[in-house]
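Down below are the structures I want you to see.
Both complexes shown next keep chain A, but they swap its partner, so chain B is in the first and chain C is in the second.
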Partner chain A sequence: MTGLLKFFGLVHAGISDNKFLWLLIAGFAVFPIVTQLVDLPFWNDVAMRIMLLGMAAMGLNLVLGYGGMVSFGHAAFIGIGAYCVGIGQYYGLMNGWAHILLSVAVCASLGLVIGYLALRTTGIYFIMITLAFAQMLFFLFVSLEQFGGDDGMSIDRAEFLLIDLYEPLRLYFLIWVMLAIVALLLMFIVRSRFGVTLRAIKSNESRVEAMGLVPLHFKITGYVISAVICGLAGSLFASWQEYVSPDIMHWTRSGELMIIIILGGLGTLAGPLLGAIVFLLLEEFLPLMLGALVPAYAENWMVLFGPLLIMVVLFGRGGLVGLIDSKILPHLGLGKTAVK
Partner chain B sequence: MTLTLILEQTFNGLQAGVTLFLVAAGLTLILGIMDFVFLAHGAQVMIGAYAAAAITQATGNFFVGLGLAIPLTFASGYLLELLIIRHLYRRDHMEQVLATFGLILFFNEAIRIGFGPAAIYSDLPPSLSGFVEILPDTPYPAFRLGVIGVGLIIALGIHLFVSKTRVGAMVRAGANNPEMTAALGVNIKILFRLIFATGACLAGVAGMMLGPLTAVQSGMGEPLLILSLVVIIIGGIGSVRGAFVAAIIIGLVDTLGRVFLPSILRLFVEQAAADGAGPALASMLIYILMAVVLIFRPTGLFPAKG
Partner chain C sequence: MMTNPVLELRDITKSFGALTATNNLSLTVMPGEIHALIGPNGAGKTTLIQQIYGALKPDSGQVLLNGRDLTGLSVPARIRAGIGRSFQISNVLMDFTVLQNGIIAEHARLGQSFRFLQPAFSNPQLIDGAIAILDRVGLSSRADTMVSDLAHGERRMLELALAMAASPSLLLLDEPMAGAGPDDGQRMTEIIDGLRGDVAILLIEHDMDAVFRLADRLTVLVEGSVIAAGTVDEISTNQAVKTAYLGDED
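After this line comes the complex of A and B, so read on.
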């Protein structure tokens, strides 16, 4: 009983310290009602993609933002998670929970091996070796003709016990629940002794070592956790897309995840989710805006998006969360509440 | 037959290797001296290829195209550094990744707007489209041989420049310890702007030489960028010598692996399995090589930092 009370106390403290994050997540819960009212069900699809990419970005943020390990290969884990569904179904495994267990197991062991090898290097070398492993896996799936090779394989929405994903909004809320669980988990991890140590390693690794801890153990653990979260996002992504191809693990997607995190705010809990919202909305609206101005070039919206990214780096330190914290919240008399 | 094939493919591998070196030479110095993660280096390859192809089409003369495209790529690199890149040196690696990723998107899309989404195929002038017999009864395309020759000459030039001249000494010192070099009175900013422009120009030359061999299209530089990053990591960041050795290794391993790995595998496993695994293993080969090098020598084969 006291244990339960303590748990809820922690949840309450965590939520009140991360109001902005939970505001966003609550927003996703009521979003389908809004789309129902204005009769634009298409936007539910966009919201699902935002939640999935946001979930993956939150996972990557644990190593990137909190641990200071710039992994340029996390799209590989999304792909592995997705292929766990595809290949599982290929061999007759139809249960969605089994797919999730499988992708967690595979991503954890793969993350352990890759993390162990890659974490021997630092700096640019670490960026590149993670990219190398992701490229290896990418080409592996390109050449696996059995599973569609380059063309990919189509997937049925997995059967989750008692949940028929073909019913409207079931998949939406499955994704939402998973997102909330991941957010809750990450919130605890970041606030735990482990999370504090991870951040300490980021700012001064030798000092952590001098305190008698082994930084490598913490880094590998963080790497594995983030790999598992990306794998989870990937296996849900497969159900959403009803299709998986090696494209899902192309190196540009690893870049995309990094962009989402930096755009939203590095090393913050709400940042990756906010980044995913803004990133994917830009992807939807920039073509419309460009199309309204110069109809012939609506497809070439990236010509605006690229410079926009450069602007974010040049002028927006701390990402959008940082901007909200330093510029917007003080004017509303709210002080700093969103981050950390 | 087999010997001919091996010889041909070795030459193809060399050609791929020297092309890679041209891309990697500038990039390794950009990474090494300024510790700057520049992902848009592939776009310089594309700009070079498009500049040469467009001018060649307009003037009808391949050599005029080359002659004008080379200073153009130098100028584009110089301007890019002046306008954007120099504001990013003090940022951390991740922000550099983000900004230069934005540059890739911009350049690829701008090219698509300017030249259309379809690839441009350019013809070689008659003087370069013949064959040369490298062995009796073994013809080899003259243009590819020319690419190897030009690449080796440029490589030699870079080597002499870096190891024998005063500016070259500054470059080496910069790669070894940029702060100390700046403290000794070298204007490292100007030095770097010139290296950046030269690197862009070399990448552009690689694009010009690739133009007649492959399709000139938007996004053509990115596969080369990834390969040249592999080259730089294997060779050691900041080391031009390392980049050359690694580029040749990667060029040969990649080309020969793709051609011969399936038949080598067939010696050990049954044909169906070999045909399935061969291409997979071949495209993974260079990344496996890079991972192995990094695991045993975490700073590459010829680390420049002292």
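After this line comes the complex of A and C, so read on.
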């Protein structure tokens, strides 16, 4: 058993970040029981949204956190994934697995093309180019009247063999299983030879080159993997929302993903998911709380939200995961657990 | 019997605008030889290394490694062809431990960097390989130290270890002692001395004691041109060199 654990790198350094991630995922598995007990099924809906955005953020984190590539256009891949379901259904393709395969294939090809072109630039130019590609795709879908244009198109929950997504909690656990698969995949990738090379490129690209490796190849591969994960989240998002419009790939969502990652902890496994939980809960609760305190300002909850985010970023270097790691765990006598 | 040079530079010229940084320069480095390249600041030493390494393209001339013309090859391709390099400003993976630096160099050497499943840093074969890489410069006792916590001289030694990781046929060392204290400089000199015979070395160094101790042959560069080349004895008695360069020393 320990041999097996060793093989998967679970005994070596990095166990806490792994553990934390799986703790959160386990939490999502039992969450429906809680909502059942307190009779608040609405919260399952919030949890699904959190898992979906968390999944997309985990995908983006591979390039943003581990690879140091500030892509400002990943919402486009969520949108493409969602439209693969919508357009697939439009042409009579009802099978959910087929939608997922389609979105993986389309996002991988698109990620390859955009990555190949955009990764020739760095810094601010890379940010602008990824944003530009995403905006192109956004306006492409706005202009496609056939698929609802601006108004979008409604979607039936996809048919997954033997799984009727209209049954209660089926969609919830489909999303949960996909989230767990993505988490497992990323856990392997970031510790693998490929993953550490990607992290080395972020640390010092010219040394990696001096080792005889071509950094661009690793960056493009990472970019494609992250695009595919966002596409997968997007296809599930479509079934959850039963609707897709260009709004799903609005540039503000790309920004939202970045905030979620930075909030949770850049370059950690648990960070994006934790960030999604906190971000979406604040989005849900802050207006209510503010409304109760000063009703006139309920609409302006962003005024509180912004400074709150800035505080986490400034004081909790390493985001919430870093904060928990350096400030909270030691107080509980659990010692500092390296996130690395 | 004739031996072929490891590195042969043929009539290399490189200009930046009006400035000729490399002027019709030819030079050879023989197998197992330590060839020192000296010259005042701005003489064009780093620029020459960059052209051998592939980061800069010469305007004209050829770089041959073991008889093979490297023209058109990228930096990583030249590394795989047998070049190792340390930089004037130390260039290592700061956010990793010493051992992790070695592990990444090891799987790069083995061409295994595109593997996605097994964790890299706990792989026993890679750890063994990395330890062997670090042992060359006596750094394996510091394996678990973060590179950012290393003394500057130790970082220079790590960089040398990484440059040697793939057992290159040519090592380009751009001021390997720069920034290291006298003790580390001394250790570095001994380590480079120990590499003599295993690998051909083109060494840029301002520390004349180290150069005179290490170099089998010397090339003196001033304003992009070779003003003298020969053995240590020949160069140290050369009048042109004395006035142009060594004169400044004392």
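In this text, the second predicted complex is superposed on the first by the 319 of 340 C-alpha atoms of A that agree within 3 Å, B and C clash if a C-alpha of one lies under 4 Å from a C-alpha of the other, contacts with A are read in each partner's own complex, and residues count from 1 in each chain.
One rule holds for everything that comes next: a contact is a pair of C-beta atoms (placed from the backbone, for glycine too) under 8 Å apart; a residue touches a chain by one contact, two chains touch by 3 or more.
Owing to the predicted nature of the structure, the values given are computational and were not obtained by experimental measurement.
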item	value
Which of chain B and chain C A:Pro307 touches, first, second, both or neither	first
Which of chain B and chain C A:Ile129 touches, first, second, both or neither	first
Chain A residues touched - chain C or chain B, whichever exceeds	B
Touched partner set for A:Arg120, first chain B, second chain C, both or neither	first
Touched partner set for A:Leu60, first chain B, second chain C, both or neither	neither
Chain B versus chain C as contact partner of A:Ile189, first or second or both or neither	second
Partner chain in contact with A:Cys107 - chain B first, chain C second, else both or neither	neither
Chain A-touching residues of chain C, taken from the complex the two chains share	74-76, 79-80, 84-85, 87, 91-96, 100, 103-105, 107-109, 112-122, 162-163, 165-166
Complex contacts: residues of chain B adjacent to chain A	31, 35, 37, 39, 84, 87-88, 91, 93-99, 101-110, 112-113, 226, 229-230, 233, 237, 276-277, 279-280, 283-284, 287-288, 290-291, 294-295, 298-300
Residues of chain A touching chain B in the complex	64, 70, 72, 117, 120-125, 127-129, 131-133, 135-136, 139-140, 142-146, 251, 255, 258-259, 262-263, 266, 297, 300-303, 305-310, 312-314
Interface residues, chain A side, partner chain C - complex	6-9, 11-13, 188-189, 191-197, 199-200, 202-204, 206-214, 217-218, 221
